[in-house]
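Labels A, B, C and D are assigned to the chains in the order they are written; within every chain, residues are numbered from 1.
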């Protein structure tokens, strides 16, 4: 149980006073490492994906024309299913408030609310797309702890580089405002640069090398400036990549797997050329082991 | 023979009981390091490339209009040639089952089957494009072992980073579904965002900085959200690059030869041209070891 | 006061002979670490952003049609406000010439001049977009020194890699001129490649993977050459990223604190939690030093 | 003279038997580190740039319409100038054959030949664009040796990673052929995928994230496959960047500037924690220096 990341559960703590059926429900719904819990999670993820797929297909005209009622009943079916699941979750945890206020508790609620809102406000059902976030639970099946470890390494590197990335985004922000304004003056409204905000939009499209082509410079001077912006964008992409690669390299370097283990104090992570333990000072290679 | 990667041959082992012509065929077809084997492989790759080129050109209207019968006979010629080669391979290996079930054995079969299927099913001949995979054999000519080593380093780095990349792809997947849905609501069907799947397709085109421009936001709010998606995509590209660069750096670091070890103080990591230990100053190459 | 980056202030030195109101103004305007100074800076940045937003929105036809007079008065309001601020800055610093010639002094002046120029030259007011640069002051609020440190690391890495990047840009420059000229000959004017400069523009658009699609090759040969240019561009992007990542890695490596030095054998590079030397095993923290 | 890269000169060796005017010419034309030589190189680069610009502008219709005769005379003027320069170079070097066969010798010749060819073959003058390569000489002015060193580091990293990059390009090649063929079957000729070569061109445009939009999938299945290709392309770009960054990191690591210099044998490049010289074994920190 030690290796299991309890904090990911909405309410990891389980108390002695619960009824038998609560304990039984709790294990099925929250404990992924049991056979029943794994089956529940797999079924849940299938239901979530099916519900998102239903929502997406219901917006395609050629499908909605034929199967509109099907989609209607399917969506309400999923909503009732998820409502039942939400109530069962509330029922089997000890401290309901903790679960209801946790990240997953809120997402679980948001995943059913829009259907009921739709009864009053037309279009609210599109918010059901938030259900896609629920499949973050998929990591609980895929040998959770390993993926959480990897995600942690990525997060740590992103966290360590957040200031550098903010400086970078800030520079990009100033750059697109200035470049967009210059292009508005150079190209003008007759070539599609209808306003400064539209020109700034063009600058973002160009600097990020997306390049839709819905707005494109047509005067020689505009094309020359645009070429400069493109080459800048081409070079600037090196900055976040370099930042992240350097930070991740350091994070991974610190997490380097144990090379030598001290036979005395069992501390790991000694350098390859270490002879004495860096914590207790005892010989890492006792005569009898070599 | 030791350095030769026997496992790449369909059936590396060669037995004493074979007829002379089998041994002779086996050397020509499977042994790249002999003159005859190298010639066979070069001819084979030319035939494969010519066959793929024939198939590609036969789909170009202006060529097919004039040379349709030529293409027809050429394709059957290549098919009969590769069929003969496949039968010869089967004939000269000892354990036919091992070859037939190996990666190359299956590819070799798949490279001739579509032509015969075409007799029954119209359009099956397009599957012949699978022949392109056969030229993986090109590495056997280009000083194979070196390239296999390099490919191995790349594969090892990809393998080591597979979990991080899965976390990344998963995040991208959620991002495009959410962004696509938002844009469907913001832009609507009159601006080309005809359905949520189409909007998700737009989000993929934008986030990956491909930017066809067949669907492009036209409302100011849509353009503002699109700008955010672009800048996110521009920054997100840093993540897989950083992951791969950091992992490859570690793989390459581990493959670096452990250069010299001081016989006195057992410190490693001396430069290639070091003669004396950088810590204790004793001779790294004592007279009796050289 | 020691940690405060005095050099970022237009005139950091403050003299005893100043009047009380000058000292009071100086603290509010230039000293970010006081409550009054922080409030002033926050208000200033809001004013700058509002002024830039006004300028941007005034170019959007549908807004300008309705609110033209509003925009006119707002712009003059901001100009007068910033003029007043500029004069107050001049009034409270001791050596006016130093401030007026500093980076921020010049930017502050350029941020008000265009409005007055507009009275004589039509269109000069667009230069007001330069105000966006003024919000570089935002770093003074966001725990300045940390961000300046990060920006310094980025700048140092960019500075160290400037020659490599110049070699790279030079290679890109030659490449686009040669590729553009070849495409002009291959595709010709009837397919949109109207001149060599236009073809070079196409080459920049393609090599940087922007790809507007306003000019695109249509002949098979042109498409084949364009494919080569794209794959080159796809590979070339690796060069600046690699340069920057490697340089930033070194800069960050050098900034890592030199952790602990063994008092016995003088080996450095011990881990942060090391207590005993990894080479000679002696205590890294002798009793008399702690 | 020791630091000057003699090998970059067409004929570095200068012999005693030369006439005075030959020695004088040789110094002006080939010796960049003299004032006269620097002036000559600056004038030469201006002439080259002017000549390339003339050629580029002469293809722009609106300019050629007015200034056609000007462009004609300018081009012949530059050709005669460069012909004279080429003959002077031949005149002042001792061994003409060495210069004529060197890289710069061939480029210098190719930069004048097309003008004379134009007299016989129409359109040959476009080959004059090769003159752009002549400005590689610009590095001789910009403190040559430093830039050559940086270019060498880039080249070394590219050379070290050439096999990995070939494996990568090979994988991309197979990928675009297979993806292009699949899209030809899925989308078909009515949606712009007129043939397999055209579909492969589309696959290159998409995988490299260029995205012209001249050919774009229109069926839902085609868009789904295209999304996969885009995400693959987005991830694949990590591979060459990672390869190059890792190799450049190693090359730069080996070139690390001298930290410690041996007082005995003057060998540099000792590790930061080195106490004894790695070549001669003497103490790097003699008692009297510390």
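Details
Throughout what follows, a contact is a pair of C-beta atoms (placed from the backbone, for glycine too) under 8 Å apart; a residue touches a chain by one contact, two chains touch by 3 or more.
None of these values were measured; they are calculated from a predicted model.
At the far end from chain C, in terms of centres built from Cα atoms, lies B. When the contact pairs of B-D are matched by residue number against A-D, C-D or B-C, more than half turn up again in C-D. Contact count check for B-C and A-B (C-beta pairs in contact): higher for A-B. Chain geometry summary: the mean Cα position of chain B and that of chain C are 40 Å apart. Taking each chain's centre as the average of its CA atoms, chain A and chain B sit 29 Å apart. Residue positions of chain C touching 2 or more other chains, listed in rising order: 60, 197-198, 200, 209-213, 220, 237, 241, 243, 245, 247, 249, 265, 267, 269, 279. Taken as a graph of touching chains, this assembly is complete, with every chain in contact with every other. By the touch criterion given at the top, residues 163-164, 166-168, 170, 174, 177-178, 181, 184-185, 194-198, 200, 206, 209-213, 216, 220, 223-224, 226-227, 230-231, 233-235, 237-239, 241-243, 245-247, 249-250, 269-271, 273-283 of chain A touch chain C in their complex.
Residues 60, 209-213, 220, 241-242, 245 of chain D are the ones that touch chain A when the two sit in their complex. Residue ranges on chain B touching chain D, taken from their complex, read 52, 55-57, 59-61, 123, 126, 129, 132-133, 135-136, 138, 146-147, 150-151, 153-154, 157, 165, 169, 172, 197-198, 200-201, 204-205, 207-214, 237, 240-241, 243-245, 247-249, 252, 269-271, 273-283.
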